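Each of the next two complexes has chain A plus one other chain: chain B in the first, chain C in the second.
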Partner chain A sequence: MSDHEHKNTGDVHRELHSHLPPEPALRVRAMESLLIEKGMLDPETVDAWVEAYCEKIGPKCGARIVAKAWSDADFKARLLENGAEAVKGLDDAGWAVAHLRVIENTPAIHNLVVCTLCSCYPHAILGPPPNWYKMAAYRSRAVRDPRGVLKEFGVELGGDIGLRVWDSTSELRYLVLPGRPEGTGGWDEERLASIVTRNSMIGTQRDLSIDAGQA
Partner chain B sequence: MDGIHDLGGRQGFGKVDTGEKEVAFHSDWEARAYGIVRAMSKAPGWSLDKFRFTREQIDPADYLTRPYYDQWLQCYAALMVGSGIASVAEIASGHSQSGLAGPGPARGPDSVFETQKSAAPFERPQITPPAFNAGSSVQTKSFAHGGHTRLPSYIRGHKGEVRHVRGTFVFPDDSARGIEHAEPLYTVAFNADDLWPGEGASHLVLLDLWESYLDPA
Partner chain C sequence: MTRPEGDAVAPLARRDDEPLFDEPWQAQALGLAFSLSDAGVFTPAQWSRALGAAHRRILAGGADDTPQTYYEAVVAALEGLLREGGGISASALEQRVKTWRRAYLNTPHGRPVKLTAGLGAGAQKGANH
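On to the complex of A and B.
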């Protein structure tokens, strides 16, 4: 792409910024009404997407994948081999992420996921990313000072635990498979899923609490 | 491009705000903006990489301070202007004032499940066998071009080891320019101590990198 075109896109942004209403809520309303007038948007479809992401799609989808992996060794092996293939056929996770890869925490290894260049995240199995995942502090520091970042999340990682930080630079989407806590023997998948947190699947939490497990 | 978006390893941004309430959306307008972006018709050529490149060209001060979904919508506004679908005046007023037509038709509510299910795959049939294997030593190129790339600046010119050969995937540097071309993709591991010597780092950083970002080492 030529420098000329670069300048144009940057200039379009600056022009939009100076002409659009200052409040995000007003900018959103103006875009919605224009897109409807242009025949590019059905407001009921917007409602349907919002409803899907508020009620159906969220960390509980990822938690069910984790619980199944803890309960079914064959599924876990397939999940670690190719996450996208393994989750095909699961109800609402099956169509989730075209290029899902799952990385396993073990007693010797901890994994942490970031996207330094934008904010790539497995929306369809974890919902929209938290704000901190999209902000400069996390994106800049997760690759360079991950132990410091983990401390801010309350995770003191022992020096004997190897740390791997995955920068999501391609369309592969990474999900951390956290370790199954002690004291959960005999739990069914639903109960197991209830203790799996969003942050544990990003890697900003390591140890899961069994107190929240619904009997 | 060497833009503000390329944040890996930059310093001075302070602590992570870990106290955030865990909800899907933090305000009504955020939810609306998210829904609009997912629901709206897209013009041919508005690939994910073109969208990313458009976001990278937001003014740096705005990039760091404007809310995330607000930036998403502004990118689609800029794409509409760039594709001749809307004028800046139309976007500011929220009303169509010209004969500029959008790529229709609008998708109905039933499209949500189908759209999710058919998320566009980026893998392609193999064209040439991969040049590297798991275990290969590689060195990243040190290029910087003015277009879109997924080779972050913090990793350029460094040696790493291929951990996984992932298949053949659409090459983002070209895709952002509207050209589809696919290359072998690798997950490459780097020692953080090589990237930032003297800081006592002991972790590995793993990135997914396309073949043309890499030389044998």
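On to the complex of A and C.
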């Protein structure tokens, strides 16, 4: 009998705790509520940001920029000249991209982007970065052994192809303009955008497959 | 047989398809950081430095190099910047964390959790819990 009661008490205890968010969630909630009380934060801001960042902005914005650059030589020239200015007029730009530099892959050059300090990333046009981008392992290895990192992602870079590693900062973020694959002549921008992957715009992928654009 | 070796040489690529957020608070924490940066409470450069430093400190303390650790660094960096320039002291924050914890414990499951549920008579129960 007492065992039974004891078990029930334990269940209630566990039940209570299972509804309790983890410690970091409580800390975020605490900061948010204090900031709102101080008038330093609008109550709607964070939710609106999370919704837009996670649901509306994603690598598709970047993919459309790449597709446009492939299709429009004038836009491409402006994009490489001043990325932030060139994407300003596009509907897809999401948040203002304060400083964006677009770097082009060519048959002779491959580009790889990292943030060695923390996790700076052109989130306004690519959405949230992948988990590996935020890890210390990527941030150090991309500089120390970039060819090894590429190999891990399935990119075997020939010795005749030069590799440039770009270190993002809060003031300057990079977007890789991947090479347009053969067999895509005559494709419109929407179809072109469908084959551009997130990783190709970070540099951990080099050759894009045209299969995704065949449907 | 090949699997452990594959994991060992591909610790990054195998995270490629992971969900970007395991728990909602991770997105909320990033949203808070970017909202405060947009509002000018701190600059993007300050945020970048604080996040980098917090991440290094937590990793140096022995934490695994995982997304969870990264988001804990996001929370720690936010706390540091708000102590320095946001007028939110460590004690005010700890007090508020306690109040929210009590509010969750005092609120039946399924009901919206309000901060006031962590105050007053119910708070005593939660505090002894």
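We take it that the second predicted complex is superposed on the first by the 186 of 215 C-alpha atoms of A that agree within 3 Å, B and C clash if a C-alpha of one lies under 4 Å from a C-alpha of the other, contacts with A are read in each partner's own complex, and residues count from 1 in each chain.
We adopt the following convention: a contact is a pair of C-beta atoms (placed from the backbone, for glycine too) under 8 Å apart; a residue touches a chain by one contact, two chains touch by 3 or more.
Here the structure is a predicted model, which is why all the values come from computation and not from measurement.
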| item | value |
| --- | --- |
| Contacts of A:22 with chain B and chain C, given as first, second, both or neither | second |
| In the superposition, chain B vs chain C on chain A residues touched | B |
| Touched partner set for A:162, first chain B, second chain C, both or neither | first |
| Which of chain B and chain C A:88 touches, first, second, both or neither | neither |
| First, second, both or neither for A:50, with chain B first and chain C second | both |
| Which of chain B and chain C A:149 touches, first, second, both or neither | both |
| Contacts of A:39 with chain B and chain C, given as first, second, both or neither | first |
| Those residues of chain A which chain B touches in one complex and chain C touches in the other | 15-16, 19-21, 24-25, 27-35, 38, 40-41, 45-47, 49-50, 53-54, 98, 117-119, 127-128, 130-132, 134-138, 141, 149, 152-154, 169-171, 204 |
| Chain C-facing residues of chain A, complex | 15-16, 19-35, 38, 40-41, 45-47, 49-50, 53-54, 98, 117-120, 123, 127-132, 134-138, 141, 149, 152-154, 169-171, 199, 204 |
| In the complex with chain B, residue positions of chain A that touch it | 1, 3, 6, 8-10, 12-17, 19-21, 24-25, 27-42, 44-50, 52-54, 57-58, 95-99, 114, 116-119, 124, 127-128, 130-132, 134-141, 143-147, 149, 152-154, 159, 162-172, 198, 204 |
| Residue ranges of chain B touching chain A (in the complex, touch as defined) | 1, 5-11, 13-18, 20, 22, 24-29, 31-36, 38-41, 48, 52-55, 57-59, 62, 64, 66-70, 73-74, 76-78, 81-82, 85-86, 88-96, 100-109, 111-113, 116-123, 146-148, 150-152, 154, 166, 169-170, 172, 176-177, 185, 187, 189, 192, 195-196, 199, 201-210 |
| Chain C residues within the chain A interface of the complex | 9-13, 15-16, 18, 20-21, 23-25, 27-32, 34-36, 39, 41, 43-45, 47-49, 51-52, 55-56, 59, 65-67, 70-72, 75, 78-79, 82, 86-88, 92-93, 96-97, 99-101, 104-105, 107, 109, 115, 129 |
